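Below, chain A partners chain B and then partners chain C, in two separate complexes.
Take a look at the complex of A and B:
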């Protein structure tokens, strides 16, 4: 059976998905990146190898997410794609009548506007991480609850506390203030969810025409409190697709399936043995000019595979020794 | 007197050419600061108010680097009714003074009579170096400098086309870089012409796919961040790597051609663009804001696939333009990119890549092709 592997290396989580000809994942894995993408990619590959049906033949690999360049070099990707396109493609396929996608991940958030089956506009947070998963996790820790229970508390709230949502730092101090005023925990938590949705809509989604059907995905879509806040804001049901947390990886797999199908190339996939390879990621400062670019390089078994990160392409073009 | 200038694209080549004709060579009468790097930016950011815009910070950084190399007379633009550019020179002069540089500013008023002001400026510089320079020498130096800029823009136009369809990515950039150096190194018009022809030929001969029909994107916006690649993180090169053909409506040669000559004949380079902007914005909002709106409309009519709108972060004229551009009825996608020292390269690249995908999918749909096959 032909299958295509999609790898989404995000700032907080790493997702791998295996697709065959349909849009239902054959198998998938969801891991915390924990600042160590190389190990997580290797662990993810190993997990997929163990979980997948025996007769599968990998015919294409695509990477996406902020770690896409690194992952692409490591495992031999046929396609390295930005996460906006990957999410859009997956959602359009799984939710055909979608017109707006809210995607909130670990450290960034996006909005994608779709009309008649094509992306017409998108936005991405640029200066502020308010409303992203990392912030929520941090606040849950402060309140001494598990992030998994966050949503449950929010659903129980009846009089949500009004929390300033313009800036995470202010949201945090406002939250502390409300705690000291004696607001119930559930109301603070749901107030925080509302503040984050407000922040998202006023920043990332500013000037975007939001129309139903709306899909909500990314790691934060696990959070029932945020879903409730979205629903109440729009007075309509925001749809959370199945596999919402895997959408980026699914989209990447779909894109590579399309591409390999149309160009007939053989995959550059290095095989599951990659999970046994010793990779070394290092960086150095290029001192050729005062730009002092930080060049990242990845090597396997002492051999440099690729370099990137410079303003000019001096190192990308340099013979890899 | 040692003249120093801030960098703006290839403008330094023009200045160097004029200076050479008038007897000043690099290091003696003239100081060209090193190409802009992170050091320039760091200097500019350190000694500018936080809320100042990127062009202010970069030109200040560049001028500081010129002063470090011994420049004592600095050239900067000024004007009324433009934007914050009006006070760049004053603010920067004060800062350089505070830093202990005894530099004197010569300002070029670009709001009225640009041609005469420019000649006047060159004359005062020339006479500062020599007793009296005859007017015809000044005029001839001036035209020689302009000739180089026009030549470079011609070569660049070809490079922009080839970059999108070349088979070996990066080849056109290397040829273009060589061309810039070659033009900078010759000091007579005949050689400038020869080199222009030679390098246009070289670019056209690079292995490329002549049948390719690349996505076409126009870059519009504030003049400094549009023209200076350092300010926009080489966005043109990045688009080229993605196989996109870029057209930049603002070029030095266009600005010069109109501002210096045709405007005197009553021909405005922006008349058409302003007219197109009229249904949405019917007056100048400072900077290049009015033009950005009109350019968007023009690009839609000319059949471009998309527009990238570059603006310095906090640039008032472009913020006005950006909001108006969002609501024009011409249907062409616009990607707004705010340029400042906080801009992350990765974030910018992700956006640009996604934008190019968006344009490609739109094209497929327009041509009746399948946007994307599912399953």
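Take a look at the complex of A and C:
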């Protein structure tokens, strides 16, 4: 059986999905990146190898997410795609009448506007991470509850506390103040969810025309509190697709399936043995000019595979020996 | 021979050939700071107040990099070039800020250029500037004429040949030809890049945006490549008489290129730019009205360019998708 592997290396989580020839997920894995993408990609590959049916043949591999270049070099990707395109492709196939996609991940959040099956506009958060998963995770930690229980608490809230969501620092002081005033935990938690949604809509979705049907995905779509806040804001049901957390990886796999199907190339996939390879990531300072760029390089078995991180393309162009 | 240092920042990109001609005609030697690099950025950031925008911080860095290498630093206070349009307060106050933040700076040549105050004021400012080098008013007049000639030549090089300011300056003084290898033989898309010249052409600040787009096979159009009058008219049509000097470069060029039906428009701004927060919104609304692809990129001190690349790639994908070329 032919199968296509999509790898989404995000800042907080790493996702791998294996799709069959009709875009159905055969198996998938969801891991915390924990600042160590190389190890997580290896562990993810190992897990996929163990879980997948025996007669599968990998015919194409695509990577996406902020670690897409690194992952692409490590495992030999046929396609390295940005996460906006990947998310749009995946969502449009499982929610054909979607017009707006909300995607909230660990470090960044996006909105994608779709009209007549084509992406017509998109937005991403700028410098601030106040509207993302890491904000919620941080606040959960402060409230001393597990992020997994966050949604449950939020659903029980009846009089949500109003919390400033413009900035993490403001939100935190506002939250502490509300705690001191004796607001119940559930109301503070749901207040935080509303603050996140408000911040998202005022920043990322600013000047975008939001029309139903709306799909909500990314890691934060696990959070029932945020779903409730979205639903109440729009007074309509925001749809959370199945495999919502894997959408980026699914989209990447779909794109590579399409590409391999049309160009007839053989895959560059290095095989599951990659999970046994010893990769070394190191960095050095380039002293060719006053920019003193930090060049990162990845090598396997003493052989440099790729370099990046320069202001110019001196090292990217340099012969990799 | 007196050495005049011109920081390679802010208005350098607009007027360098004119300035160079003026000072050289008066017998001075002109030195330019090297292109922005990490050292320049760091030293500028270390002095500037946090609220100023990155290009101004970079300007201070350029000034600091030239200490000991020149007798004068040229930092004009360009308040207005007429038509009731004004520069932003940070450009108007540039010489004073430089003096306050970098006390060890060489003598600052700080003519106030404000055409709203009339011709006489302008002549006086220039004459005062020229007096640093000569007492002969005719020589100063000659130098101004030379400067004007060079300015016209500079603008026509950019306009006629479709060159960016950096490329045009290279062409004028080093006879460098365009490296055509970086541009794919037949660009598949045409994209207008709008914004302040000191943002889009500072390769360090902009993370080589123009170069990157060109190597992705995109033909670039910038405000300098459009007729000035057309930009002014476009800005007037969209928002009325411009209030900011750069309004023609942003609102004008945005409207002009949107009307020209380019494949997409990218606006490059820096975080915290006051005028941009107004101007870009106008272009954004206009792009939506015309249903045209528009991308707003806001830059700050990031040294990692991952976020920028993701947005660029997605933007190009989106345009191709809309035009049904491919995904």
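Keep this in mind: the second predicted complex is superposed on the first by the 321 of 321 C-alpha atoms of A that agree within 3 Å, B and C clash if a C-alpha of one lies under 4 Å from a C-alpha of the other, contacts with A are read in each partner's own complex, and residues count from 1 in each chain.
Here, a contact is a pair of C-beta atoms (placed from the backbone, for glycine too) under 8 Å apart; a residue touches a chain by one contact, two chains touch by 3 or more.
Remember, it's a predicted structure, so these values are computed and weren't measured experimentally.
On the superposed chain A, the positions of chain B and chain C overlap enough to count as a clash. In the superposition on chain A, no contact is made by A:54 with either chain B or chain C. Contacts of A:23 after superposition: chain B is touched, whereas chain C is not reached. By the touch criterion stated above, A:119 is placed in contact with chain B and with chain C alike.
Look at A:181: by the touch rule set out above, it reaches neither chain B nor chain C.
Of the residues of chain A, those at positions 66, 81-85, 89, 118-122, 124, 126-127, 207, 255, 258, 289-292, 311 touch chain B in one of the two structures and chain C in the other.
Of all residues in chain A, those touching chain C in their complex are 66, 81-85, 89, 108, 118-122, 124, 126-127, 207, 209, 255, 258, 289-293, 309, 311-312. By the touch rule above, chain A contacts chain B in their complex via residues 21-23, 66, 81-85, 89, 92-93, 116-122, 124, 126-127, 207, 254-255, 258, 261, 289-292, 311, 313, 317. Note for the complex: chain B touches chain A at residues 34-35, 37-40, 170, 173, 233-234, 323, 326, 333, 338, 342, 345-347, 349-351, 353-355, 357-358, 361-362, 365, 371-375.
Of all the residues in chain C, the ones that touch chain A in their complex are 34, 37-40, 204, 207-208, 271, 281, 284-285, 288, 291, 293-294, 298, 300, 304, 306-307, 309-311, 313-315, 317-318, 321-322, 327.
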